[in-house]
Structures are given as structure tokens and as C-alpha cells.
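Consider the two complexes below, in which chain A is the common component and chain B and chain C are the respective partners.
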Partner chain A sequence: MAELGRAALVVSLGLSVYALVAGAAAAHLGRRRLAFSAQNALLAAFASTLIASAVLLSALLRNDFSFTYVARTTSEALPTAYTISAFWGGQEGSLLLWLLVLTGFAAAAVRLNRGWARDLIVWVVPVFGAVSTFFAFLLVAVANPFATQAAPADGLGMTPSLQNPYMLAHPPLLYLGYVGLTVPFAFAIGALLSGRTDERWLVATRRWTLVAWTALGIGQLLGAHWAYEEVGWGGYYAWDPVENAALMPWLAATAFLHSVMIQEKRGMLRVWNVLLVLLAFSLSLFGTFLTRSGVVNSIHSFTQSSIGPWFLAFIGVVVTVSLALVFWRLPRLRSPTRLESAISREAAFLYNNLLLLALCLTIFWGVVYPLLSEAVRGEAVVLGREYYDFFLRIFGLPLLLLMGIGPLIAWRRASLRSLLTTFRWPTGVAFVTGVVLLALGAGSSVPGLIAYTFAAFVVATITLEFVRGTRARKALGATSWPGAFSSLIARNRRRYGGYVVHAAIVLLAIGVAGSSAFDTVAEAKLTRGQTMEIGDYRLQYRELDERIAANATEIRAELAVTRGGRDLGTLEAGKNAYTIEEQVSNEVGIRSDLLTGEDLFVIAEQIDPDGTVYFRVFVKPLVNLIWLAGLVFLLGSLITLWPDAREQRRLVERTREIGVPATN
Partner chain B sequence: MARTASPARLVIALSVAAVLAIFLLYTSIAGGGNPSLAPSELAGRSGEVQLAGLVVGPVAGDAHAGGLTFRLRDIGEKSSKAVSVRYAGSVPDLFKVGRHIVVDGRLQGGMFVAEPGSMITKCPSKYAPKQSGDPA
Partner chain C sequence: MTLALALAALLAVASVVVVALPFLRDPEPVSDALDELDAAERHRLELFETRDRALAALKELEFDHRTGTVSDDDYRALVGPLRREAAGALQALERDGATRGVDGIEEEGRPTGERIS
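== the complex of A and B ==
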């Protein structure tokens, strides 16, 4: 079986090389049949990678420990779901998943677009071929998932904290996001190579970018939720290099999704967009390099291996070649239009882009700072949480405000007077919110107060947009208010889906500000019967239970919780001691108030043999809005992504209009 | 050329300048981060540093009463040179002899006094094979 898998990978490598070489030759010489055969090679590479993946999956499911990979990542006792998750648990398997998704995306993107953008596609194929050649080569020559050995009696098993449902979805979603960014990259490079630098590559890849971006966003939120519930230190994001590795490409892709609209509408920012796509793709490669090479100290420690230098070299090649191409095509990337005023929709989008990019680059600087200072000063200096928090406020708060301004400001040129009329209501709402919150004591954190005021402003503009649009549709003859509302969204999914995503970001901002700027913490060592207080909560430590579960001993402290004299029932917090793995894990107790979004978060930090427990308790206001934001984000993305034949036709037509004079 | 008058360029130039200004402001106020050192590099250091090392026993004391004491030595090297550490505050689940940890703090009279609650443990190599010499 292992031979079949390995052979399939070699075939994938051969087909990828063919797609690269034959595809490039066909595009250069203008051979249609050869170009077609290169496209088919990409499809076939997907098929053979699928075979290799099936071999590995079946080996995992059969517990075939003669596969080194299977023996290292699973054990007999591991539940089936986690056995499947071991596919992307190890390095070789995750590279295989990467290649599978890549070839799948490439085959689909090429097939879907070859009808209407043929001269572009012929140049996209060799780019896909080049990227998949790199991954196939790694799998064949450096990190072989099909290495075999004399089968041991049992495998090494999986770290307990990863035996968690989140690990079924969190890593593959991140992969989907990372790999998905290859599609806009390949089309951008294809556009540069072919000289077809009009807006077509944007139209062809818009949904792909959105899918990748959505997957990356949801994947990160799932990871944050996992950390909050399972790791149990009271937080959800630690600015760890590996977390940042996923955040950076997401920020770059967010900037791209916005600036694309400017290019579609006004033909501006062409160079900028190509550079953003290049940045997003390089950052996704850099993220993999970071996690796999172990050059930076991280709480996540993955297998540290020899693939690091390969990635670094590949990133180097990608960046150099792409920049050279951009430089070569600069004359064709000249915009036919340009910015007319610093107060306009275009300008607002440009500010948004600059802020997102600034945030992205400061995070990048923070991640590589230990390496740079080591090289320059001889000792690694680590930038802590304060560094990141500072820049999140400096760049994040203006971004929040722009989210309310950008969508309402006029294209081309807006007058100050029209701005005053447009934003009269939202500004009023924001002002009143600020004053009320100040009266309620939110002034204890200035950044928190600003965040809430800005959030109120954005919510007001979004509501205003929906109300206006629905009224207009009612006036145009919609029979009912709900009917008017749904037809409003259906007629312009991109715009109103975008507003829903903005609402999600507002929820996220409120949740983050609430749980970080306005949280409270209390600690106490309690013996049975003693109580502690935090805010209006009163916790009484009742008793300590010890239970024997299948693979662990569970120790739980039971607490009776009341708030303002009202009985809220009991809460359990404790520790699990895993027998085989010889590990202890905190099992926190969380009581969520669904009405206010507040969490009472209890950690039993230390349990003494005499039954005294050292408790650490947090009250985190509004933290549940972060998870709600994930759902709203998904809803907004789905609205935007929903197939819309009319809109696609409109875009294609518009590209023809703009595209022809610009390219000739 | 008239292109140089484009507000887009002005905006970009001003933004870049603003970002640099903020950056300089930040580094001058916060003075950057702390150096990250191994236990063997600690001798003679008086400022605040981040110490990364491997926990060597015996672990004694109570983290929430008087503090936990243990010793740290360099990761990966056979050097037996270790430094005593006193730590108070929250102890991560994975803390035990043989684990890699990171703490912030400063050297005081031969003892590394860690900042309360600053300890971070590294996850045991996620799905990696057990390495020789890894007692966990």
C-alpha cells in the first residue's frame, strides 16, 4: 500500500512539472492544444494526489502501524474522529493535505474560468504548476508520508489537549485559507505574464479569495475558542508567533478584498493589488515556515524539521520573481484614472488599506524582531504583549471608525457639507453612547471607551443603510417590509453581505474590548465551605470530587454560585490527570450569561492534598460576543459568496469596457 | 510630470511617515522588549530578562504561598550549569521536571526572581516522536 501512495506522489510531481513546463511553453508559443494538455495535467495531478491521500487515510483508519506516520500520530485506543484528524496532525500529512487542496483548487479554478478568460488561463496554469511542483517535491524528496517500518504493537498516540472536536475543524480551515490564497496569486502572476493586466483576474478570483479569507477567519476564531475553553488561562489570543502567522495573511487578504473594489469600479490601485496578493501569499508561506522551522520561540511547538530552509528558499524565489514581473509590467499597470480627492470613497478605502497593512507589518516586525536582534545585537529580544496591544489600538481603532465612514462616503469627491448630512445620525448615536458609557463608569479604560463609541457609530451607519435601502425597495413596489428587506439583500449581495461582515467585526471589537479592558480577576485559597467574591458574584467552595474516567482521573471542585443574592446553581472546575500520557490539564468552569454575554471563568489552579484549592476567577464582560461574531461573519460571507449570475454578468461586461482600452 | 501631484502619493508618503513616527515614539517610550537568555548566559545580568530553560528538580515550595523554587538549565546542551529560580503565581498545567519553560524576571543575589504569573510552558512536541533525552 505504501508503494501505491508513494508512486501516486511521484506521478503528482511529474504532472506538476509538466503543467509548469508544457504550460509555459504553450503560453509562450501560443499552442492551444499543448495548453489544453497542461490544464489536463493539473486535473490529473489532483486525481493522483487524491489517490495518495486515500492511501494515507486508509492506513490511519486501519491502524496500520507499519506506516511510520501512522505509528507516530495515533494509537489503537484513539477514537476514529481523532484518527482522521491525525491526517493533518503531523508534518508529512499536512503537506499532503496542502497539495491535495492546492491541486483541487487549481483544477477547479482553471476549469471554471477557461471559457471566458482563455488567454489569461494559459498563463495561470504554469503558475499553479510551479507551486504544486514545490509541494510535490517536498513530499517526494524531503517529508515522505509513506515511510515504512516494522510495525510496533501500538502507536505513540496523540497529545490529550488535541483530542478535542475543535482540532477536527481548526487546522483544516486554516489550511483551506492558506492554500486558497494561491488562487488569486496564480491569477495575478498569470495576468502579469500574459500582459492582460485589466480587471479580469480580479473577477475570476473574487470568490476564491473570499472563500480563503472566510476559512482563515473562522479557523482562527475556532482556535481562539479552543484556547479559551481548553487551555484555560483566561484568554483566547496570546500574540504567539504561530497565531500571528495566521493573522498576518488574513489582514493582507482583508486589505486586498477592499482595494479590489476600487480597481473594479475605478481601475485604480493596480500595482497595489498585485502587491497585496503577493504579500498575502508570501505570508501564508511564511506562516508555514515559522511553524515548521522552529526559528522563533512559540508556545506551539510542532515537529521541527528540515523543511524550513526549503520554504525560505521558495519564499525568496516567489518574492523575487513576482517583484521582477511587476516591475517589468509597470507600464501596463498604469491606472487610467486617479484619485481626485482625499475625501472620497476611494480615499477612505486607501486609508483602510494602509492601516490594515501597517497593522500587518508591525505584527510581522514583532514576529521577526527576536531573529533580527539576535543577528544585530547578538541576543534575541522578545517583544511582548504590550507591543502588540499598543499597535492594535493605534491602527485598529481608526480602522473601526473607517468601517463606518467608508461605505457611505461618495465616490470621486465628497463635500464636507454632504458628509455632515450623511453622518448626522451616526455621529449623534456615537456621542450619546459615549456619554452614557462614561456615566456608567466605562472611563476606566480610555481605549475601551473609544472602541465602544466607534462601534456605536458603525452600527448606526449599517442600520441606516439597511433602513434606507429597505424603504427604497418598498417604495419601488415591494409588497411587504420583509419582502423589501430580502429583495434588497438579494439584489446586491456583495454590498449588504459586506455590511453583515462589518457588523461581525464590530461585535468582535466590542467583545475584545469588553473582555480585555473591563475584565476583573480575583484569587483566593479556600477550604471547604469558604466563600470568595468577585463583582456581584459570590462563590462558595462546596466539595472536592474525584472520578475515574476512561483515560484520566478527574478531580473537580464544586462551587455554589450566587449573584446579587440570586442562586445561579453550581459550577465545577478542576484538573484531569491523564494516566498514560502522564499529563495534567486544567478543566476550567465557565458560566456564560447569554443575556449579557458575560462569562464567569473559574480556574482551580492548585489543589492541595488536604482539599484546599487555590482559585483564580475572572469576570469577562461581553466575551461571548466574540463567538457570536464568528457566526455573523460566516453569515455575511455566505451572503456575499452566494452565486449571483446577474452580478457576475455585470462584472464581466464592465471589465470588457474598462479592460479593452486599458490593455491596448 | 503632473503625476507627482496626485494626492494618492501624498497620502501614502504621509502615512508611511506617520507609521514611522509612531514606531519611533513607541520604541523610545517602551524601550523595546526584554532580551531572551539561556540560564548559562545569565551571570552578571542585573536587568529584566526573559529566561528560557529546562526545568531541573527538585521542585519545592508553594506557588501561592512563599513561591515555588526549582532550577533551570540550558535547553539542548549537556551543560549542567543551572540557575535557581523562585516563582510565584499561576503555574501552567505542563510545568514539571524536564519541561521547557519561559519566565520573565531578574537576577537577585544569585537567585532568579521571576515576575508573578509570567511562566509559559511549551507544549510537549505536538505530534512529534519522543526524542531521546526527553524525560517526559
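== the complex of A and C ==
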């Protein structure tokens, strides 16, 4: 069936080229049927890529090692779930997933918006066509997943660290995020090409950007949890280039989601918004390039390949063409209004944007610095954790504070007197929190103490907003308090869903500060029966087990855990020796206290033949709030994403009022 | 191999049919021109955007005042300009509508679309 897969990819490439060329011609010449034909080509490209994907998936599930890709990424002994995840575990498969999601998103975005923004969509189609042409070309000519060979008896297997349940969701979510950012990019470029720089491209892409942003956010958290459990170094984020690759477009998209509100409310920042979308998309391409090219050393980079130059060339073309278009359309992008006051909600959003962008560019510099230093001095100089941590504090802490300030300031301008009244409660809560924490000894880490104080401030403002809003809704006629609360959210999902997302970021900040600024570590080499202590915990090494699993030999050291004399049961830490892959992985032991959010984290660093084990143990306060933040983040995103029937009616009505038919 | 090639050929043919569908469905259209906004319609769209923006801002200000997020003093300072902005946008739309009412007669020959003005 490899021939069918190859043919399907060639058909996808042909359809993508057609969508690009015919779409551009239709838009330029104003030809209706040609425009619809180009739109159909995108839909057909999705169907064709779906067939190619089905062929690859079928080969994986059948362990058809005549497919070079299948033999390189799986083995007979690999569990089925990981065999499926091999689809995106290797270079060619992940590029195929990119193309599949891209053509699917393109077809859906065009279909959903062609009724009310038809004249804009015409220009969006060739942009989608251009991006999918690039990926289809890579798959056909550079990284074909359907290469065949004489089938070996067994495959080479999968990198052990990828054999983790989080790998079933983490990479696809990141790809959904990366690819999802193509939609706002395509609409922004379409708006620039057509000169339709009104608000419609923003409205059409807002939810797509939110979907991509949510997927990137959740994908990163799952990746962090994977690193925490699987990599076994005691942390969850190492400022690794590939981790940063996903963080950068997320930061740019976060900035865009805030600044887009300023354009919608005040008609300002039109150039800035277009630039942020271009930046987010370029960074998503850069992220894919980093992950897939093997150009940087990373624990997450599992491939070395030849696609790097192609990606760099494409990124270069995207950036150059996009900036040229922005420059060309500058007169149409001028804002009719100006910032009225430095103390206003739009000003707070602007400061937020500048800080997010500064953090994003600082990380970018940290990622490219080793490449530049190697090119210039012949030696790759890596900027370490201190560099990133320093700038995270410099930009991150003010960002945290702004999350509390922004929602309580009026649009346009606010008086100082009004601010003093508005902020008295949140400031009081923050002050009391700071003093109490200082008394409890949290002053050992100043950034940690500041983070907690600011977090208390933000929580107070969010609570205040919900309480006041619910009270106002009740006064406006809601029959009950729950009714008033749900009416408050339903009437302004973006605002109150946004607050829930802010609450998630606060949880994340508390979790990160607690687990990094206030953690403790202890190390000991123990023989059976010996004990070690860390904080209130006492661990006794009992025995060493060896057992055979489906594709690995598992060695586990069993520890009895007590805290303040209370028995907490046992904990296992050890190593897996993967037979086919001929690799060994650390398998950490984690005991979570769901009440306090604290983790006891045990690594069996070295296991000697006589059964002596060298243990490294961490106590990580509040670390579980990071994972809880993921759930709250998802909830907030869903509230914000939920379709607003009134807004849809307003848009359709507006289109009708102008005189353009609202449907096909 | 043969089956795979036959399926591949089928896929290629089906793709061509899907792409050609707009031409097959409507081989001899009265007009093949795209239904695009002209300059007057784009201007009107901008007026609608200004109107909706001003009305939404006014609504949000009223609610924020009611919740106490915006003080009485700030409310008094902000509500006037916002009301003027909304009224200005509505008047501009009315003027534009009146003009279009006259000009619209000349535009009846438009190829597609049900004009409402």
C-alpha cells in the first residue's frame, strides 16, 4: 500500500499548488467559479492527506516493516498505543500530521467563514495553498514516510523516553497549536493582499487563535509533566530549546489575544496586531524547525535531518513577504484613535504586550545564541538556566501584577482617585499575604515572596470582579444567585473566561515559585534496611526487585515512607532496561499529597550490582498546582471559546445591512 | 500493487472532479464575477464597525459603573464622549443610507446578492 500513500501525497501536493495558483488568479481576476474551485481543492487536499495518513497508520498497526519509517520507529514488542504514537514520533510522520491538520483547518476555516466574509476568503485560500504546498513538497521530495525496503525481522523500536502515556497527547497538541496559528496568519495575509483590513479577519480568526493557543498551552503542560515523570532529573522545565520552541509562539499568541481586544474596543494597534500574528506563525515554523531539524542539542530532539535548510528558506520567505505586505498596506492600517491616557485598560494591555514580547524575544535570543556563537566563534555557547530565570523574574513578575491591574481600570482613562478606591481591597489582601508569608519564613526567596504577594493581589481582583458582577446581574433581574452568576459569564464569555485563565496562570505561578524557590533536596547511598531523611519525611530502602515487562526489564528499589512518624506506604524508583532499543531509562517514584499540593520525588540515580542504590530525593512544595492550573486553564479557554449566538447574529446582520448576502 | 495503483488513480480522478465541480454545476453562468465589496460598501462597513464599537463600549461602561469597577467621577467623564461617538456613528450611517437609497437604483444591475438598502 506504500504506492497509495505516495500517490495520495502527490495528489495533495498537486491540489495545494492548484489552491495557491488558481486561488491567486481567482482573487486577482475576480472569478467566482475559479475561487470556489480553489476552495474545493483545499478540501480535496485534506481528504487526500487523510488517505495518506490512514495508509501510514495501517502500516504501523500491522507492523509492516517493509515501510522504512515503521521499521525505524517501532518493534513487534511495542505496545499498541505507542505504535500509534509512532505516527508523530518520527520526522516524516510528524510532517504528515502537520499537513493533515493544516489542510483540515484550512478547509474548515474557509467553509465556516465564506458566508459572511466571502471577499476576504478568496484571498485567504491561496495563502493556505502556499503553506500546504511547502509541507506537501517536503513530504513528497525530502522526507517521504512511504519509503520501502526489504522487511527486516523486527523494527528498531521506539526511544524509551517516548514510551510514556503523555506522548500520546503532548506532540499532537503542540502540532494542533503550531498549525492552528496558520489560520490567523492566512487571514492576516489575505486581509493585507486584498486591502480588506477591517475587523473581519480578526473576528474570523479569534476562535482559531484561541484553539491554537489552548492546544499549545495544554500541550506544553503535558510535556512538562512528561519531563517531570520520564526524564528523571527532578524538574519539569529546563529551558531546553525545544521546550522554548513551543513557549515562544504561545507568548506571541498571548500578546495577540490581549492586543486584539484593543483593536476591537478602540480601533487601535492595527499594525501591531498584524505583526504579532506574523510573529506567532513564524515562531511556530521556527519551533517545528528546531524540533525536527536536529540543529540544536535537546533532550526532546529525536531526529537529525536534512529538512533544516528548507525550513529556514521558507521562514525567510514568509517573514520577507509578510513584512513587505505590511509596509505596502501601512496607509490602510493606520488607527483612527490614539491612546488617551497612560492609566487606562488599553495602556495596561499595551504594557502586558511589551512585557510578553520582551520575554519572547529574550527566549528567542537564548535559543539562537548557541547557533550564532558557533557560526561566529566556532564554539557553541549555551545560555544557561540563570539567564532564563533572570528574565522570567524581570518580565514575568510585572506581568503577573498587570493581570490584577488591567481588569480593574476603565477603558480610555481612569483617575488616580478612582484607582485608589478600586484597588484598596486587592492591595490590602496582597499586603496581608506578604506579611503572613514573611512571618512563616517565605522570605528565604525574595522572588518567590513577590510572586506569592502578586498572586494574592490577582486572586483578589478576580474574586472582586466575579462578586461585583454577580451582584450587578442579580440587581438587574436575575432570579437567583447561581442564575446571576451564570448570566454574568454567558453575557461576556471572553471577559470572565479570561479571568478563569488568569486564575490558572496564578496557580501556575504559585506552583512554579513553590517548587523551584522553596524545594529541598537530599542525596544518599543506601544499602537494604538503611534510611535517609528529608524535611519531615523518612525513607527506608527495603528491597530491590527485577521483573520482566513486555518490552523492558524493570528494576525497582522499594522504599517505605513515613512522615512525622505516620506511615505513608511504599514508593518505587528504579530503571528500565529496554532490550530492543538497548537503552536504559530512569523511572522515578513520586508521592503526591493532594491536600498540600506537595510531591516527594525519588530518583534511583545509580543501582550497583550488590543492590546498593544511590538515591536523590526532592520535596517539591505546591508543584501539583501546576497540573491543576492546566485543568483551570482548559476550563477558562472553553468558556471563552464557547460560541456566542448574539455575536454571530450581529455579524450576519451587519453583513446583510451592508448588502452582501450572508450565505452562499 | 495493482489495487494500490487503481485506488491511487481513483483518488486522482475524484480530486479532479471535486475541483472541477463549480464549473460542472454552472457551465454557463450569467456572470462569473466575484461578489466583492465596492468602496461605498467598505465605507459603510467601517461605519458599522464604529457604531458597534461605540455601543459595545457604552454597554461595558454602564455595566462596569454598576459593578463599581468604574467610579462615578470616571463614569461622568467617559459617558459623554462615548454617547457622542455612538450618536455620530448612527447619524453617519443614516446619512450614508439616505445617499445609498438614491444611488442604489443605479446599482441594481449587480450580478449577485440581495441588496437590502
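Note that in this section the second predicted complex is superposed on the first by the 643 of 664 C-alpha atoms of A that agree within 3 Å, B and C clash if a C-alpha of one lies under 4 Å from a C-alpha of the other, contacts with A are read in each partner's own complex, and residues count from 1 in each chain.
One rule holds in what follows: a contact is a pair of C-beta atoms (placed from the backbone, for glycine too) under 8 Å apart; a residue touches a chain by one contact, two chains touch by 3 or more.
As the structure is a prediction and not an experimental result, all values here were calculated from the model.
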Would you mind checking whether chain B and chain C clash or fit side by side on chain A after the superposition? fit
Check whether A:S486 is in contact with chain B, with chain C, with both or with neither, and answer first, second, both or neither. neither
Touching A:L4, do we find chain B (first), chain C (second), both, or neither? second
Considering only the touch criterion stated at the top, classify A:E605 as touching first (chain B), second (chain C), both, or neither. first
With chain A at the vertex, the Cα centres of chain B and chain C span an angle in degrees (to nearest 10) of 140
Under the stated touch criterion, which partner chain does A:E465 make contact with: chain B (first), chain C (second), both, or neither? second
Determine, under the contact definition given at the top, whether A:L350 touches first (chain B), second (chain C), both, or neither. first
Please work out whether A:Y369 is in contact with chain B alone, chain C alone, both, or neither, and reply first, second, both or neither. first
Quick one: is A:V381 in contact with chain B, with chain C, with both, or with neither? Answer first, second, both or neither. first
Which partner does A:D198 contact after superposing on A: first (chain B), second (chain C), both, neither? second
Smallest separation of CA atoms, chain C relative to chain B, angstrom: 19
Determine where on chain A the residues touched by chain B overlap those touched by chain C, and list them. none
Which residues of chain A touch chain C in their complex? 1-4, 7-8, 11, 14-15, 18, 26-27, 30-37, 40-41, 43-44, 47-48, 51, 118-119, 122, 196, 198-199, 264-267, 407-408, 410-415, 417-418, 421-422, 465, 468-469, 471-472, 475-476, 650, 654, 656-661
Touching residues (chain side chain B, partner chain A) in the complex: 3, 6-8, 10-12, 15, 19, 22-23, 26, 30, 32-37, 41, 50, 52, 62-65, 90-94, 102, 120-130, 136
Chain A partner contacts - residues on chain C that touch it in the complex: 1, 4-5, 7-8, 11-12, 14-15, 18-23, 26, 29, 31-37, 41-42, 44-46, 48-50, 52-53, 56-57, 60-61, 63-64, 66-71, 73-74, 77-78, 81, 112-117
Can you list the chain A residues touching chain B in their complex? 72-73, 86, 89-90, 156, 158-159, 161-162, 232-233, 268, 297-304, 338-342, 347, 350-351, 354, 358, 362, 369-370, 373, 379-384, 386-387, 390-391, 394, 523, 525, 575, 582-586, 603, 605-606, 614, 616
